[in-house]
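For reference, chains read A, B and C in written order, and residue numbers begin at 1 within each chain.
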Amino acid sequence: MTSRGVMLRVGAALVPAAAAATWCFGAGVLANLAIAIAAGMALEAAWVWLRHRSLAAATDGSAPVTCALIALAAPPGLALGPLLFAVAVAVLLAKHLYGGLGRNVFNPAMVGYAAALVAYPTPFGDWDALTGATALDAMRFRDGATVAEAWGSDAFGAIGGRGFEIVNAAALLGGVWLCAARVANWRFPAGVLASLGACAALGYDGGSSGSLGSPLFHWFAGGTMLAAFFIATDPVTAPAAPAAQWLFGALIGAFIYVIRAFGAWPDGIAFAVLFGNLAAPALDRLCLPR
Amino acid sequence: MAPAVAELPLPAVLRHPLATPVGRFRPSAEDGARARLGDVIAERFEAGGGADEKPVEVLRAAASGRIERTPDALLLHPDGGAKRAPPLQAPSLVERTLEAGIVGLGGAGYPTHLKLRQALERNAHALIVNAVECEAGVNADRALLNCHADDVLHGIHAVADALGAPQVTLAVSAPLPAAIDFATQVVDGPYPAGWERALTQRLLGLEAPPDGYPTDVGVLVLNVATVFAIGRAWRHGEPLIQRVVTVGRREFWVRIGHPVAELPLPPGAATVGGPVTGWPADADAAVGKTTRAVTPRPAVAASPCIRCGWCATACPEGLLPQELWHGIAAGRWAQTERLRLADCIECGACDLACPSQLPLLAALRHAKSQRMEAARRDSAANLARTRFEARNARLAARAAADRAKRANRLQAPRDWMRPRAADALRNIPPEPEPDAPPDGPPPR
Amino acid sequence: MGLLGVAIGAALALARTRFRANEDSVVEAVNALLPQSQCAQCGYPGCRPYAEAIVGGAALNLCPPGGQDTAAALAELLGRDGTGAPVTEHREVKAFIDEAACIGCALCLEACPVDAIVGANKFMHTVIAARCTGCELCVAPCPVDCIDLMPAQESVWQWPRP
């Protein structure tokens, strides 16, 4: 299997999640995907051409995957400005300014997403008319209601966020296939989900007004499965030693929970993954033979 | 019965590079000399060995012809003559194996007589004949078993007799035709299933020590081509001058030294020694004793490492080839030591796994040979320092003894000394302290 | 390059953990980086004397057999400037005595810093190739000019850089 084959499989594994998101949130998801992928590939091609590099550096398939992840993590039908900004930061700053494929320190998709989130806070909090507030927001800002009382709101589905739970289930499906095909390393999602679950279990007291959401809710809300199976598994920005990979996943899971529970952002995945990337070299130093 | 293995015609010249991965050969025939088929034309000695030592490997002429020596290679120009050296004579199997020039034909090239000797010293109780070809597309071992089973069996019996009565296992990758009457063990598994350490573990449940070999646990593992060569040498007194090689998709008998450029291959780049563990053939490449295959080399476009870690999953030694790759590229040798570069068995499983198609095996081999070279220089420097210090100590001791002797004489001139000589002795100026060796360097 | 890579790495690691501030140990560490050819081309009678001189402040780039690699390694070990007039690059050679011309004067025996020449007065001399460091010190004393330096032919197999 070649690098391009790897990227192709990652893309294939994203199809269920993309389809589920389109079904739940409408054609805005497809618009996001089309614009982001086209813009990302064009930017990369232009960059490679301007620097007189071989076109192979623009056809390895990593840019479409990066852009697809941004498109799926962003609210559907995101305005052109924020979306292009996120894509440009991801492809040019986070990938190519670091030296291209394999040399970036931070996950490009999450750098782009986080930069756009900080630059354009309003459109990123604005999911769609279907839910109004996302389940994560509804869980956080519920004015002293118990979990069961809050669950009456439109934001929640059967186990997680309305719509989000279906997208997460689809991402889980694709992610498990990716791990079974040995394209993604299963230690990363296992670490993320175990750690997120453990943190949520600690903060969940059966659903009182002070409760912060059950493990099941956190697994099936926001971009959990996308982060666990598709973003934390980017090997370039993750550690190499098996023990460090567990720690890396666990760190990301814990950060996701902390940001969701105590932060003001719509979701915690981008900053959690970036924190994890920051820690990856240190984790390797800790766990590689010295 | 499979079709017989065809013999390639004798090329215009047989080439034997002197520097090989296992060491350097010394030509034992003069430039322009005539060699008969089977004459010793070059020898290899243990590194640092003197001229009086016995060689650990000999190379014999694969045809009668004229010797040409170049700085890098020994060439044999066949003259079409039929002159043959007398058959091998050595009475013991170990000696005969050395005499025949047999080395591990599976790829390692370790002298078989040394392996046999170690197995005898450790009273090996088991013999594994390894015909598990794990590289896809290489069928040289299989062709040998299909077409020359009788000589393989002679070899097995020769080795088994020498060892006493070992448990013999013939390990193959797929069942043999029923016509071959020998119990076999089918070994299938992920590459490199035919690695002798893995084979010992799998077939006998014995684990060789980390720094050791299967012979350390009483198991002798020999490649089937090696066993065949032993059979020919023992029964017919024949030296090792040719072997079965997979050339492209077919198997041929090829003489050792056959230039790769003259093999029946489509034009273009070739890989010498199996599609996975082989290396790119240069213009002077030739078939050597360990060359199991020569195949066309597909063009690959390497892309950057994405640290996917598949190489680490594939590595049978549990190394981290991706980390080694980055360490080698950056010249961080201490880091490669920590990552156990020396434990790499050069199986190429990492190359097979790499989605970026990086030349990991080539980088690891390069780093390993740099490491060996550094170790060689280090030990040479240590030796020189020890000898320098010993010499200085000796000179200082001699100077001190001389001074003491003179002082004695000054104090009590002997009766036999004539007065003038005693005066002269008294006027000798005091010697400088022997800090520096008395014979300092010439001025530059 | 990285010819001395492992040696340098090991010596540096050793130097860092074991040798701190102790002058003798520093001399040992410096000596371990020198190629031990004992050729005296640095102007000091052997490698250890040069190591002592380096610790005493001598320049780091006086060792031709060690070349740039050694100068750089010394600079890293001592935290000093290793630049300066570039030293010549290392060329591996061995002394070779033309035995037909040798008159058995034994002068080269005395000159060899590592006792790599065997022979006796009025008997032919020869160089033990495996012990010769190629320091050239035997060439000048020879009255009949019968010692030549030959490139060390025993080049070993090196896998090329991919």
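Basically, a contact is a pair of C-beta atoms (placed from the backbone, for glycine too) under 8 Å apart; a residue touches a chain by one contact, two chains touch by 3 or more.
Keep in mind the model is a prediction, meaning the values are calculated, not measured.
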Inset, instruction - Go through A-B and B-C and name the pair with more C-beta contacts between its chains. - result: B-C
Inset, instruction - Could you tell me which chain lies farthest from chain C when each chain's centre is the average position of its Cα atoms? - result: A
Legend entry - chain A and chain C: spacing of chain centres that average the CA atoms, whole Å: 59
Legend entry - Inter-centroid spacing, chain B versus chain A (mean Cα positions, whole Å): 52
Inset, instruction - State, to the nearest whole Å, the distance from the C-alpha centre of chain B to the C-alpha centre of chain C. - result: 29
Legend entry - Partner chain C, residues of chain B touching it in the complex: 19-24, 48, 50, 71, 279, 331, 333-334, 337, 359, 362-363, 365-366, 368-378, 380-385, 387-392, 436-437, 439-442, 444
Legend entry - Sites on chain B touched by chain A in the complex: 301, 303-310, 312-313, 320, 322-323, 338-340, 355-357
Legend entry - Residues of chain A touching chain B in the complex: 1-3, 5-6, 56, 60, 62, 100-103, 182, 185, 235-236, 238, 240-241, 288-290
Inset, instruction - Note which residues of chain C are touching chain B in the complex, please. - result: 2-10, 12-13, 31, 34-38, 40-41, 43, 45-49, 110-111, 113-116, 130-131, 133, 137, 140-141, 153-162
